[in-house]
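The next block holds one structure in the form of structure tokens; read it before the comments.
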Amino acid sequence: MSNAFIHFDKVSKAFGIMTVVDDLDLTIGKGEFVSMLGPSGSGKTTLLMMLAGFEKPTSGSISVAGKRVDALPPHKRNMGVVFQNYALFPHMTVSENVAFPLKMRGASRSEMVERVTKVLDMVQLGAFHERKPIQLSGGQQQRVALARALVFEPEVVLMDEPLGALDKKLREQMQMDIRDIHHRLGLTIVFVTHDQTEALTMSDRIAIFNHGKIEQIGSPSEIYDRPRTQFVAEFIGETNLLSGKVSSFNDGILSVILEGGQLLRVTSASKIEVGKSVKVSIRPEGIELGQSGLGENELRVRVSDIVYHGDHLQVQVEAGNNPLVVKATRQTLAPQIGEEVTASFSPSQCWIVT
Amino acid sequence: MSNAFIHFDKVSKAFGIMTVVDDLDLTIGKGEFVSMLGPSGSGKTTLLMMLAGFEKPTSGSISVAGKRVDALPPHKRNMGVVFQNYALFPHMTVSENVAFPLKMRGASRSEMVERVTKVLDMVQLGAFHERKPIQLSGGQQQRVALARALVFEPEVVLMDEPLGALDKKLREQMQMDIRDIHHRLGLTIVFVTHDQTEALTMSDRIAIFNHGKIEQIGSPSEIYDRPRTQFVAEFIGETNLLSGKVSSFNDGILSVILEGGQLLRVTSASKIEVGKSVKVSIRPEGIELGQSGLGENELRVRVSDIVYHGDHLQVQVEAGNNPLVVKATRQTLAPQIGEEVTASFSPSQCWIVT
Amino acid sequence: MRALPLSKALFGSAVVFFLMAPLFAILPLAFTDSIFLNYPIPRFSIRWFTELLTADAWRRSIINSLVIGVGTTVLATILGTVAALGLRGKSFSLLFGFFRTVFLLPMVVPAVVLGVGMQLMFAQYGLANTYLGVIVAHTVIAIPFVVVNVTAALQGIDHRLENAAASLGASPAVVLQKITLPLALPGVVSGAVFAFATSLDEVVLTLFVAGPNQRTVARQMFSTIRENISPAIAAAAFLFIVGTVALGALVLLIRQRSVRSL
Amino acid sequence: MRALPLSKALFGSAVVFFLMAPLFAILPLAFTDSIFLNYPIPRFSIRWFTELLTADAWRRSIINSLVIGVGTTVLATILGTVAALGLRGKSFSLLFGFFRTVFLLPMVVPAVVLGVGMQLMFAQYGLANTYLGVIVAHTVIAIPFVVVNVTAALQGIDHRLENAAASLGASPAVVLQKITLPLALPGVVSGAVFAFATSLDEVVLTLFVAGPNQRTVARQMFSTIRENISPAIAAAAFLFIVGTVALGALVLLIRQRSVRSL
């Protein structure tokens, strides 16, 4: 966010009585990779469509590089857009698809050939110039779509769940490729997804959308390790939420008395008033199970279920009336269902959410 | 597999010149939960459709409880089927949908009311009797579909990617519910999915399909920890595959010389001839990175990339010319990109695949 | 891409005017007081509507139109629905192409050709100048509309619904009765309405196969206009349009209800 | 659910026979040697085809049919395509319902009603008994076929293709020209073929608006059969069917090619 490149200023969008984007401010820096993540209907795609020019904001303004763009039609915005279904022109060859934006800009024949060749080589489709889109696999089509969005060297590339239609292995490969291209070309990328892994692995920053507003924006580790709200904590990864009341605050460590009476010690950046009700979020991988305690926080729990996940075990335990989920690595010895064990976790694994 | 309940005997299915299911044998025990997992087009859904009676085998026979069923039309097979899109009858209420199979069996009015009420209570939809399917959420519709497939107490329930259309949280909830119903009612369930997590967490056994054949069938941990082939190892979870030649075999421990010259010690149940080329599969979570070695196998590696995944870090390293992926927990100190470290793993983390 | 909106609107209005003009030209004359089908209209009256309902030739023709229309609707709807069910799901076979062409042929073969053929055939089977003959003739050209509508409705039905019903214990006949037909009903009703409208409108075939006793309203209008041009025609046209719009509204209503409930 | 196959096949064949019978009745008579349109055929000959191409009235009517058919096709295709583009994507507004009804009205309004209206209107504007008048009349009833076909083709186009083109720098006019129209082309061609076929087949409207100089083949067949029943009609019908089947094959071919390339 060093320099504000794309700026949404109090942007709202309503369809009839449905407010889809609600008085939203967002600044994206030049060269940043920002993911918009949220449940369907949370407004992330609508925001992207407004940036691309396919929808007009009901109120507010959008500017890029200091110039307002919200009155410009899409074809004057100079942004590359990649769609989930690729949106390749079925009646044109791969070359013609990729050359299309250059033709629109009146490029010369030789320049077109040169740039199309270069960008198709970049996405490793140099041998597919004359194919029709239908003759390509999903991953290849997505590469053509990417090439077409990059060939006219737009400053901003918008991607609307571009990898949603690909299978897992291919998706991971394309994630790496896009990350790579982002670093190499220094593009500003706005990326809409509902896949949290995608957002965590690719982005400089993630904006978590909920009901047309951004609940939290920050780096992947800020979002995952220091979620501000219960919604963010539950949306990104899995989490355990325990309710309690603050009983003291000393040296950055809160003491919280849970509803079951147990005492937790929780690190907290900000002071919270004694007596206030709070929710504590603890990630499943932050808890260790054993016969005796190891950390500063210990809860006596009974194992209720163990689910095999291949690379880890998901252990469900009951701490008083609170069910907790624990991610146990396969290296450690797994407890048995019905066994009483101690769940321990350090104060730094606990985080207060609102 | 205590007692063979469903038995596929040399079943093949061809559409024109495309062989979709290829000379397949499969036995499913009474009360078992068997998942069929594989890429699209691998024949898993076709096999289910043949069991349900919607497709006829080109050759081979299918029997249930000792009786051949492959000549029976679907409505005489007495199997509950749950479809991905739920396939609820849009012109009937929830009650009418669930009562449909009872009506087909000539149940009395009072028996119908009683059993529909009971099964809708079981899936927590007691309050939705009079709704039309369109008025329900995806998860509720799936519950109705499940109730409808269970209400006539079939001995076998077939599920064709039943959770594919639900979002992540709901899918996990429904996985737990189906697991629960399976245990409570002692049903035989055949479950088709392309989601490996679903298969790992729910099944008694998993059959991995590839090109119309079953590559491997076994319990989730057999499939994950002891994959027989490279395809299975790569399809379930992530893995690293290293090529080498066997140099000796002693006491259940193989010595393998990798292409780069390094020596690995690998546990192996069966003896493999000295000099044979093999592939060694090592799961990313089985490798530890550190300044000095810890295990019996050690490789000197250079860190090439680190990708943040929230609950873990995916570290990409180069061991000679072999790229390896390592899953590092967040508790351990992460190495830096470019650093040279030691990757260590015990022989029991290595597994020979063909 | 809601572009060029003004030019589209202007052009659209021009096309609408172009299409509506003939109707606007004739409809007001239904209310003339004069005995000539001419502008200007001296005085307004409903005398030509009274004429329609009292003059023997017109009364008979209205009854004939209804009898033949209902007969055609029943016959065409049954045959067309069965044909659509039979054609269903075979969209990629060559046979399907052949059958579909056959079913849609009457839509494109000139009515004159059909009419001559029927006249020849009906004379042989004693159907000439009978109600049954006219109904059969109208059914031939009404069937394509039923086939098209029912086929569209059937294409909208997810096959898995029928598979689900079968797996729950329904035999093919029960699946047809409880699942397929109820879901295709909107298409069947649309097809029936089109069949009725087609029968009402048909002139050329009726000229060939109907005797003086089977004169329909459309046929009667046709002869009247060639014999003496009376404003009764405009009145009949007015009733026609009102009926057509009502039928069209009915079809739209049924479609929308079915969209909502699916 | 491929059930009841035998009964379906039997019933299907019966319906096919029912629909084809009138054509089978008339077509062989095209090759009769006799001057009567009757069975049995004494000897086969092609004298009536020769008659069609040499007799002045028939030759004129063939030329008239082609001139009017081509004129109708061009006018109806342009107007219908523009109308379909204008209606596009407004499927849920009330206005859309109104416009759609207007465009499809000529499909259901009796030709007699339209004919009377046009006769009145054309007399006023000097279009009566002119080629332009006949072309306009045919265009009114051909437009719905173009609208239906082009609308179906437009509905098959993913809006995101047009959004993508816009984001790549294409103005709305360029999007229309480079993306929308090329993708809708199969529908436009189908519509044009239907418009041509409609013009060829039309009798009733032609009777009302055409003068003796604009006699089309269908009109000529209609009068011939009422004046003297000559086998020239069967020969004309034969040519008609061959032309129709050829046009139908063309449409199917275009559709299949477009399916393959999309």
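Order of writing sets the labels: A, B, C and D. Residues in every chain begin at 1.
The rule is simple: a contact is a pair of C-beta atoms (placed from the backbone, for glycine too) under 8 Å apart; a residue touches a chain by one contact, two chains touch by 3 or more.
Just so it is clear, the structure is predicted and the values come from calculations on it, not from any experiment.
Enquirer: Among the other chains, which touch chain A and chain D together?
Expert: Joint contacts: the list comes back empty.
Enquirer: Would you pick out the chains that touch chain B and also touch chain D?
Expert: Where chain B and chain D share a partner, that partner set is A, C.
Enquirer: Could you grab the centroid distance between chain A and chain B? Build each centroid from C-alpha atoms only and quote it in angstrom.
Expert: That gives a centre separation of 27 Å.
Enquirer: Can you compute the centre-to-centre distance for chain B and chain C, using the mean CA position of each chain? Integer Å is fine.
Expert: Each chain reduced to its C-alpha mean, chain B and chain C end up 55 Å apart.
Enquirer: When the centre of a chain is set as the mean of its C-alpha atoms, what distance in Å lies between chain C and chain D?
Expert: Using C-alpha averages as centres, the distance is 17 Å.
Enquirer: Residues of chain D that contact two or more other chains, please.
Expert: If we look for residues of chain D contacting two or more partner chains, we find 163, 166, 172.
Enquirer: If every chain is a node and every touching pair an edge, decide which shape results: line, ring, star, complete or other.
Expert: The chain contacts form a single closed ring, each chain touching exactly two others.
Enquirer: According to the definition already given, which pairs of chains are in contact?
Expert: A-B, A-D, B-C, C-D
Enquirer: In the complex of these two chains, what residues of chain C are touching chain D?
Expert: 1-4, 8-9, 11-12, 15-16, 18-27, 29, 37, 39, 79, 82-83, 85-86, 89, 97, 99, 101-103, 105-106, 108-118, 120-121, 136, 140, 143, 159, 162-163, 166, 172-173, 175-176, 180, 194, 197, 200-201, 203-204, 208, 218, 221-222, 225, 233-234, 237, 240-241, 244-245, 247-248, 252
Enquirer: State the interface residues of chain A toward chain D in the complex, per the touch definition above.
Expert: Within the complex, chain A contacts chain D at residues 52-54, 73-75, 77-81, 83, 85, 87, 89-91, 100-101, 104-105, 132, 134, 148-149, 152, 158.
Enquirer: Can you name the residues of chain C that touch chain B in the complex?
Expert: Per the touch definition, chain C meets chain B at residues 158, 160-161, 163-172, 174, 178-179, 182-183, 261-262.
Enquirer: In the complex, go through chain B and note every residue touching chain A.
Expert: 39-40, 167, 169, 194, 196-197, 200-201, 220-221, 224, 234, 236-237, 283-285, 307-312, 314, 327, 329-330
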